[in-house]
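Got a structure for you, written out below as structure tokens; questions coming shortly.
We just call them A, B, C, D, E, F, G and H in the order they show up, numbering each chain from 1.
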């Protein structure tokens, strides 16, 4: 039973088109079903959507294509939306065998197939990115947020060294309900953005840079030490994580 | 002009108790006023409340009591709510001279005086803390969130080593609109909490611990690497920062 | 003389089937034999089994296939069980030339051939793993513990973000005499497991993760700072080391 | 109901001095009692002894004397053994008010009062320490292990720079069932000890040293990278943690 | 012979008021004089002004008041301007004994007495600072630059979280010949400033902050990774170093 | 409108060959033109030259050849000098398609084509390098400085371990207006150079070294801690950044 | 039996003033004596002088005055030279009670009393120090080397920023048999010194500095990465360690 | 003029076979020759042998085969011994073109050709290595020391986990004049060795290990924090550096 199915059921109860005892029976049946599927090497969490509003997502990193495909088949078989992050081309080839209608977003390294179990978000999630090299992470955030039911917009290549490019987009910044800011190097962009708006800002440091960027540490520290309030931070290159919390917020 | 005043004014216009041209004049006057006050050593940002929903907050760290008191007087004089974080007793003595009705929350190291310029949040912000030693940071978050207009609840001493204490509070976790999780040592609590709920989780690592906790680095890294989705992180011991973004979310 | 041979000899003395002076002679002969073999590039420690209960193990890392094969031949020639860790396929090809009955466990990167010199452990060693990507390390621990004479069980993919998967396995956790917990990312699993059981927990951080996991540092620090008691930690990705101490404990 | 009480009860059932239904009633009563006590700032875990073989321990670090005393009174009131680690003299003064018979081990920074709820361990736990400056940590381990019911022995000032001092104690090393090795600076002692014995070695790095010891990091890394098998490691200066797992092992 | 004396001498030669051979003699005499004074614990570099345009400066850190006073007396005795950085009040007391006209700038921790040996710089050096807590470092830079002969201006409390405060000062930024930017926390200010101007920007990270600011590392890394060109960086809290190079540039 | 065009125009106004109102019209037209070009994945900053004295530079790192070529075409089409750093051979192949006269400096990893928009610098920028392995970074600095209109000289392989090689070049050091010092390993060269001259020294740490050089950290820290005044530092391997600020200084 | 006594004895045998069998008896007696004294908290290594040429040295750090005094009494009682490093004034007060003729070198933090058991070194050990603040460490090295029987010389305040001060002392550098170079900040001095001489250079990084010196890490890394050959390094601030190895070399 | 030629010349003067004025002339001629050769990309230091006892050595890392060959030809052409470290096979191919009699030691990554300019060392340099994987570094040390004129011996695979292997070699340890100890992982071997001997010990950490060995940091820190005196340390994997200083010592 997905969140959407549960929502519909309760609406029917409230509307009188289904009676309470029948609804109770259906919910209990759903709860009695085993809440996870044991594939031996993985246990799929089928109640994730109930608890967290979106079905279990597959982190492709460190899994073989065969493992990814097996988990994907289980998830889709239950009627849930499929989302695989950090997925290489080879993983997509394996998934396509079992989920033929899946799509591969190469720039975002995402495999996905959306089903009817996702609730729409309320406002716009704006993804702001500092430089061209930050795009793969920004796209991971954008595609994830979209799949989770949100309307998204993109504002790319607006680094702090040319502040007028950012100020020029004031209206779009003000219109967003949640803002994801993706930046590498010194990671200063979230501070400037958060100082301009009242929307919550989720900051994503990227590993873009060289030398003393230390694979994203400089950007991460910059964001954690932001002198602006209203900023919180996810792991380096974690576009998915930023979109997850942004989507939860946008569904409030 | 605070957000609350603006809100009231526009309600009056909509309600017909004030006419549009008069309202326009008042708004323009407010905008024409210098948006910040230059005290020489500090420039107070009086439009912060308009942009970000809460007036400028004073970070006490590294400022002298005299400097804090001078800025506090300016803020209060404009009709804004006063909030000083990381404030020592000596700072409170200085502030009391100029803002006699200010309160000092010693456990949270906060000086505050609430005025009528704060809009109420929509749901409950739950502050979860791992251990007794994390309380100063948890209280900084709790008092800040309260001053920003939110209803708060506390759930303290529910560390992951006795997981039943947390599971026992399932209902309170489910009821929260936003959850702030404060934890030191290994920083595992946000992952477990986020796996149980659909509310966004703001994680605050604390410097509680010794040895390889490295002043909170262990907890910080644990939270950044959370295997649960729906978690984002603020700086070590930054209860204020967590409350700021939680409040923005709770006002959406 | 292996531990098993010594044990058998002393049983015979106690049982009267061999007399004490003959036993003394045999033990002295064994002790007089050179305690290590000098291959020039390596000195094989043939008394290791007497001192530590298991013959010398070959760490494959940084050794050429030819070096590994030469040491392996010496060990097997003395009647000892062979265990090579961090072994690539090429090393197995070289070892097979000199130890034709050796087996290669590709998932665990282990070459092994068990002889009759290993004493059985007393209870079950349970290997718990957080995610699918942690499996190579978990398998290194599992295979090592098995070769050292222990009964092992596996409990995989029970990360803290879906805590019910772990709680569901309460009975198996309680039944184990020693528990090895393998986890990457935030490394929170050992704390939760140790809070549930009275068995000693050996924690193995893995290098699984990205960004601020810093190749396993986040998981390592998380485990070292565990707020649960009864946890100790081995090096990142050191499944072998965890199994070694778990086996020593399980033989007590 | 402590482990010891449970043990006694079941012995009585087996011995026929109490009947099964009465025993069942008592056990159920114990289980029905609230498993933790909520003091507001702390939740005391009264089932800890059942789950982990020793009642909840108070980490003094970061708690006020008043908080420590309040928790101590609760624990002792339930008939459990009291153990406070990292306790300053002031904490002892507060605890003595409510637990008059408590003892303070100044060298180990421990407050304790043993009750009848602790099961004896099976063999000897040997505490080995590298230098005089490591004694506070070694004593924290020694006192903790003793309070947890174990016979302990001490072997102090046997650093690797004078290896004969350690070799001279071969017999005592061989006689121990579990060995705790406490060392600062380069942290090499556990490797040498583990190479000599078949007992499991729990290594405790200390913050003793200066310069590039980095507050114990050098010793910690040295121990994690031990080339000897049979070693696992706890946090820097964590004598308590080492004793906890050593005691669990010694009770197997 | 100071730079100023040399300059004056050569002007006189060019102007015909002194003849070339006499000038040559004086220059040779100066060069023949021992280029440094050996006080046993210190060797004062009297040719520093000739080589680098400013006499030797005393870093107060780690020197006793007596040592500082002895070196100060030597420098002033040679007719050179005195500059002591990182000087505590006690050092000033000692210096005043031997250099009665010296001044102490407490906010900048500087002891100074200017003599006639300093050449004027050409334009304005602007010192920009992010927050009130950065003032001690900013003042060290300001006082140093002033003593080295430069016209300075201050622009304080213009952090990136309220970008309009900085943009409001556009004209003053454009008018500066060299800009020193002092900032703690995320250290983003130099990037934004450098993106607005064509003057060289010398960035000074400060240790202002807490938690993951790591004593200024976050700000330092942010500045080193600046996405704006025209920025170079000095050590954390090194206001003196920034002023030194800014002054060399402003004398070109 | 480039800086050079603006300069020429104003000279004509001053000289009377063009009248003020016509000049005003042309400047306004230039300012009215959109200050950046939005390519979707990148926004080219066409006013950069006006603000900072040199047109926008393309950092090749993390951009695809197609992206680089597209941005390059835009820049050249506006009449600006092209400079691409960190450019691989493949990027040059793509750029040559759209900018046929572009040159590739393989040793410096730079693609460039100089147009008439660059103002000449005033003195010599000397590039000093410690060892042969530092040459790629030194050449990046040299080529960049040259393209920005400066006269450059090179002084290579003058490491501090053979100090006479450096002292031998005293005259060339003294003649430079700005000095860039490129060094890896211990990064001591800038301190020695700065102690000899009165020119500002821009230090560039390189990632040359092994072991405890940690990819340039040792050199970076060495330079930041320079005991000589007059030194500031750019990111590891950032020859471009050093040349940028050196060029700004040399144009003062 | 000290090295000196052994030396004298063998001279007498060779000279015929004592016969071989008597000498043999005395040596055997010495060897039969327990090679260390067990004080409970410390085991004094009385054969250290035989093995390493100097009796056991007491590292004062982390030991109580009473512990230091007890060990000192034992060492002096055996006729060995006393050397306590990192000794506070309070430790000296305690030692003086039991070793009335002991001397305290406050600048070097050393307590010492030389007896007749030390062999003279062959040449001069030169201690070179970069700055006045490095003197405590330099003095620890100087006093230690002196007590170990070496002729020492001092060359202080010769930092690399004024290279002529060092070059001026060429003759003294050339005359030394071993050179100890003590330097903080960027730690460049050993490279320059080693490039000038053929004596082995022992480099001692100091914790002198601030900001990115990170308590001596910058100097340590600089020295480890020295581009000059003939340099090896000891721990930060370890003047004693440098003198120890320098003395061993000077006794060869 | 090499050290050997100078030595011979002075012997002839002392012996009367050459007169003083002729000798003076020859020495002056040598000194007048340009002390380094400028190849454009490199300046060869031909007086290195005079200053430091061995001609300039080529660090192969980061140099092209063509650059290495060109420098090699210059060095050999002057009659100096050739030593190239960190040399790949390709570099050897290039060197052989210009120095046909050069040898390649693949295990040590060294290209060499010894000429008659090297003075013999006095005693034995013993190279001790912990494990088979440390051999490349140990061989770099061994070959370098040999080329510098020293008698060397090898003692390999004597790690601290099997301490009897080391104790078994006591006689060889005692016989060495200088000892180089090469070890990875926890780097404990130098402490144990230095505790057994009176020879100076040069410790070389290697990058052998995984996980928390952090590419040799664990071994490096272990060695810097050695509790034994008489140990100094060189960079990670720097077998050459260890041999250089060991050779200087062995020539004293």
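We adopt the following convention: a contact is a pair of C-beta atoms (placed from the backbone, for glycine too) under 8 Å apart; a residue touches a chain by one contact, two chains touch by 3 or more.
As the structure is a prediction and not an experimental result, all values here were calculated from the model.
Hopping across touching chains, the smallest step count from chain E to chain H is 2. The greatest centre-to-centre gap from chain B, using C-alpha centroids, is found for H.
Seen as a C-alpha superposition, chain A sits on chain F after a turn of 90°, to the nearest 5.
Taking E-G and E-F together, the pair of chains sharing more C-beta contacts is E-F. In whole angstrom, the spacing between the mean C-alpha positions of chain C and chain E is 61.
The centroid of the Cα atoms in chain A and the matching centroid in chain C are 40 Å apart. Residue positions 131, 162, 194-196, 211-213, 217, 220, 224-226, 229, 235-236 of chain G are each in touch with at least two other chains. Which chains touch which is summed up as A-B, A-C, A-E, A-F, B-C, B-D, B-E, C-D, C-H, D-G, D-H, E-F, E-G, F-G, F-H, G-H. Residues 130-131, 159-163, 167, 185-188, 191-192, 194-196, 209, 211-214, 217-219, 221-229 of chain H are the ones touching chain D in the complex.
Against chain H, the residues of chain F that register as touching in their complex are 131-135, 156-158, 162, 164-165, 168, 208, 210-213.
By the touch rule above, chain D contacts chain B in their complex via residues 35-36, 40-43, 45, 47-48, 59, 61-63, 67, 86, 205, 207, 215-217, 220, 235-238.
Interface residues of chain H, counted against chain G in their complex, comprise 51-54, 57, 123, 177, 194-202, 220, 224-226, 229-236, 240-242, 244-245, 248-249, 251-252.
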